[in-house]
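What follows is a pair of complexes built around chain A, which joins chain B in one and chain C in the other.
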Partner chain A sequence: MNGYDISHLLAGAMLVTSFALLYQDRIAAVLNAFAMQSITLALAVAWAAWSDDRPDLYITALIALALKGIVIPLALHRTVERLGIHHSVEKVVGVGVALMVGLALTGLAQALVVKVASGTASHAREQLALALAIVLLGFLMMIVRRNAVTQVVGFMSMENGLILAATGARGMPLVVEVSVAFSVLIALFVFAVFVFRIRERFDTVDIEALDRMRGDSR
Partner chain B sequence: MTGHDMTGSLLVQFLAQGVQMTLVLLISPLAVGVVRRVKAVLMRRQGAPLLQAYRDLVKLVRKEAIVAESASWLFRTAPYLIFALTWVAAALVPSFASGLMFNWAADVVALVALLGAARALLALAGMDVGTSFGGIGSSREMMIATLAEPAMMLIVLTLAIAAGTTRLAGVADFFIAQPFAVRVSMALSLIALLIVALAENARIPVDNPITHLELTMVHEAMVLEYSGRHLALIESASHLKLVLYFSLLVCLFAPFGMAPAAAGLAGWLVGLLAWIAKIMLCAALLGVWEVSIAKMRVFRLPDFLGIAFVFGFIAILLAFLSRGVLA
Partner chain C sequence: MPELSALGVALGALTAAALLAALLRGRVLALVYPVCAAAAGLIAIVDLTVLLGGGDLKAALPIGLPAIGLHLRLDALSAFFGIVVNGGIVAASVYGMGLDADHDLTPRVEPLFPLFAAAMNLVLVADDAYAFLLSWELMSLASWALVLARHTDPESQRAAHLYLVMAAIGTAALLFAFGGLAGPAGGYAFDTIRAHHPAPLVAALILTAALVGCGSKGGLVPLHAWLPLAHPAAPSHVSALMSGVMTKVAIYGFVRIALDLLGPPSWWWALPPIVLGAVSAVLGLLYAVLDRDLKRVLAYSTIENVGVIFVALGLALAFRANGKNEAAAVAMAAGLLHVLNHSWFKSLLFLGAGAILHATGRRDLEGLGGLIHRMPRTAFFCLVGALAISALPPLNGFVSEWLLFQAVIAAPELPQPALQFASPAVGAMLALAAALAAACFVRVYGIAFLGRPRSLEAANAHDVPLIQQAALGGLALLCVLGGLLGSVLTWAIAPVLRALVDGALPAGDGPTPLSLVAFDPARSIYDAPILALFITISSLATAFIVHRVSERRTRRAPAWDCGFPDPSPATQYTAASFAQPLRRVYGALAFSARDTVEMPPPGDLRPARLSVVLVDHLWRIFYTAPGRMVLAVSLRLNVLQFLTIRRYLVLMFGALVILLSIAAVTT
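Presenting the complex of A and B:
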């Protein structure tokens, strides 16, 4: 049991929660899965800080835990409650198809990283491959879910993947990290405002209503 | 076993294999009894005694076997074949020692094939009499099988990549020799194998082994027409299958205590005790699991088994990546 195993395990656990995000079909469960992913991210970053002796990463871990592990999920839970939409998530495609596409994306991420980063150490390469897969799955989540709240979650989970990638790569300045974290928080507010505006306007947070509004209904 | 006396060694090996073969048969109803007992205690029910599964089997063997008028020869021979195939499969999985005589045959692919043959026979027998329940059960069983088997093969391949062999004894030896380590691909294959095991053994959330509710039953629907000794054989086969999957999980993911190929009698005894303890632990955990969740709708099963496939697939990708095979 060495440090390499643990960081690999935590990154793998994050990938699994990404798939959990795709699999869940209730908003509350999606939010819980997202909170779990963020907490795993915080653990992974804290582990990297401890094993590589880079104390600045502790701050990153703390930000991830406090903001994305606790504050944002709670805020989204409250939003969902106030909107009264806690039953099911509207999806563009079924769970099975989404999972299969997710698998293909994971494979793509791995093949890509193996080709691009063939010179680097296998540890960094694996971390990067997992992080890229998480980013792509976040994209996928934004594509296959029509509900505005789950789109926010997809965006945030994408950002989790980015932080994981940055942890593996040495030397992301703390200033950049802090500013990214806060821009994500601001993005949450913007999203929240938009969600409420959309609801006010169309009586739903299903973004297909926006398509109809634009005139390209099916 | 020093190998000086080949005939004695062979005889002992043969006996050890025989012990394993009888052991899985004898212990399987007890494992089922433990699962039921744990469930009863957790639900605060009186519950059946621990040895009830043995009594049920004896009772069924004594009773007259009633066969429907429309049944063909297949209906009558299927229970024997199913029992034989499952017993062979269960006896092949290394339990207390990894160096037994027929270990060269204990290949995971062979196991999947044996169980697949047993399942095909059971599905055919379910449709043989021509009742609608049998047909429903068979069609659902086949649906579950088609979803579970690809996942199973992915798990097998992941292990084969890690250990360099698909022979169970070889995989177990490999993992005993390794220092303890948490590998993502192994953890994912474990979860995938757990899901496959639940599906294959018709446990909650895939199927509920204790109800005969027509809308939900899968395994029970297929064996509805069986009675007497035929039913005893089929019940025993399903008990054996449960122990087989426990053994498989233990052998692949927790082989500690298993006697290596060159161990003597003492090593075997330790292995035996460890194996029995691990099987009983698995049974108790299954009981806890079954009371803590509800059965899934049949239409959600593809998603549930899809998770096993996804995990198996990620596991194999990660195994490839960490070995740098793709590079």
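Presenting the complex of A and C:
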């Protein structure tokens, strides 16, 4: 088992948690799956730091672990508790359809990377394909969920995919990394404030309520 | 180089005048006009030395886009157009000095006037695409703001709106043209563009874009619709600049692109300018001859003249593509001289219209009349302008039209059948346009200046201040001199002809030193001084004989009293009744004109009514229909404004997935 196998294993595990995010229909479970994905990301980044001897990536891993593995899931758990929505889940499409679409997207990511990045080494290509699949699945999750909290999770999951891609591409400088981490944190704050405001106003965090409020629900 | 610093000082003075005038209020604004006149005169002198002395002026300023800068260059072509532009600016500024300092000055006009003047000069000296587009847009915006000078008037608002839209379309087209010229390498300096020649298809696209961009500014049919609205809406001296001068800057743009930057021409480049030009010439005058608003008539006539110039440019392209450089020089000389001449007589007529507007407060022909007694000098100068624009010898309009017809007559020698067939048709259309022009200006002059006043205002009119009469007189003098000294003018533009079409007019072969020869002396000579002498002698002789033969005793009797006992001025010919025969002949074809007479039954005391309905087909086809289409499409797309957040995400996601799939399949 060489270094690439381990990094592929970790990236593959992240993809599996992405599917788990799509599949779960309880908010608490969704948050746990997200925490698992973030922890796996931290491991993958740490592994890349160790195997490629790039100590700055340890910081990235640490940020991922602390922020997205622990702080954000805990904060979202508390939010859910306070809002009293821990067993409500609303989906727009069924689990089966969502999973099928997710599979198709994974295939698309694979095909695209094989075509586009044909010049690069095969292991980097695999990593990129997995990262792209994770990004697309995160986006899909934002679409198939109606709950504001799970949309936040979808957004964060997209960001996880981006970090994974950046780690594999040996590109992202630390400054960019830190600024992305902060922007995610700020996005979380914005989302949180937003969610509470919606809740205060409409007694629900279903974003369809916003459309009803605007008077052109459809 | 002293010329370069003079140019810099003059442009700086214009800019400074614009900035200072923006801060000042009141009578002190009047100082703008002497500054403009002086600066434009200085630039004209620099242009003249460059045109006659050869030797381009070049400068590169370190402002503008990084790594490109701002390249300026004054070559023979720019210098020639510079003389046209600055001559117009000087005349308009001198006229502006006579504006009533207490009533006419407004902070909405005076600061923009020098800015407009400076922007037109900058377009001419631009030597890279960036500088050209920047100053072009500055010129558009400055003139747009000037159109809005009477911003509370709904007609001005409509004119300004339409003008802004057309200017935006034109600049966008020019942007594409220069993008195509620069090619994939993106060399935006004109020197780089000249060095590389685009492929035929790209050249066709560039030519189309240039025709749209410059044609919309110059008023080529069907992009003309804003002209008759916007030119009259501005104050009269600004109208003179817009109609007499800014359209020339548009023509400069086309000449620069089509004959200089685009490389050696192909013969088919000639067809669009020739056909559109001929159509513009005829339609412009059909509009003009039926319109009742004095300034709008002049604006429509500008469309005709721009069409004539485009025909000349097209012929020059056709001859040049076939290696007939002598003939190309004749066509090009016709075009350039018409540019110069039109700037003189159109400025003169617009300033004259301004004088009438100032004296009577009216622009509608139906309210004028008898002004020759009340404003005799203005009437005389306007007569010169009207004769010149009708292309009557020995005035300047005839020189350029004569050269143009020489070129048209030579066009069947071209090898391409399309051009062989087009040239007689174009010649016929130009002849029709010339006749219509004469009819149009007989009508304008006769209705406005002759006869009896049709309104109280016209009866109480007074001539304008001396300085404004001086502006008119100067231009009238130029029209006469330009007619007599046509051969001198063709000699002066010889460097431009050499640079553009690598040909020259035969010089010095004629019977007298001042005779103008188009091809060879055996075939075509125009001897203006001799003709002028003949016209003078014969008209003097006619006058003498008429006075001798007719009864010499002075009788005073009411004008038009023979069989005309009704003293009301309403019994005179009106503008509409003068145009009625032409409307009968051409109106049904061009405007679907329909007359209806509503006759009251016997015993009813109501008057009979004659009403005429004209349909502007060009407006319907080229403006209303696309406007409706845009509206329909945007109504359909309006749904997209009101989707839910999730649907927006779905749209984005769908677009992303589709693009990724395309990338996965095609690469």
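Here is the rule we use: the second predicted complex is superposed on the first by the 217 of 218 C-alpha atoms of A that agree within 3 Å, B and C clash if a C-alpha of one lies under 4 Å from a C-alpha of the other, contacts with A are read in each partner's own complex, and residues count from 1 in each chain.
By definition in this document, a contact is a pair of C-beta atoms (placed from the backbone, for glycine too) under 8 Å apart; a residue touches a chain by one contact, two chains touch by 3 or more.
None of these values were measured; they are calculated from a predicted model.
In the superposition on chain A, A:V95 makes contact with chain B only, not with chain C. Contact with chain B, but none with chain C, is seen for A:A129 once the two complexes are overlaid on the shared chain.
Of the two partner chains placed by superposition, chain B and chain C are both touched by A:A111.
Judged by the touch definition given at the top, the superposed model places A:V16 against chain B, while chain C stays out of reach. Shared contact residues on chain A (touching chain B in one structure, chain C in the other): 111.
Contacts from chain A toward chain B in the complex involve residues 1-2, 5-6, 8-9, 11-13, 15-16, 19, 23, 95-96, 99, 102-103, 106-107, 110-111, 114, 118, 122, 125-126, 129.
By the touch rule above, chain B contacts chain A in their complex via residues 179-185, 187-188, 302-303, 306-307, 310-311, 313-314, 317-318, 320-322, 324, 326-327. The touching residues of chain A, counted against chain C in their complex, run 92, 105, 108-109, 111-112, 115-116, 136, 139-140, 142-143, 146, 207-208, 210-211, 214, 216, 218. Across the interface of their complex, chain A is touched by residues 642, 644-646, 649-650, 653, 656-657, 660-661, 663-664, 667 of chain C.
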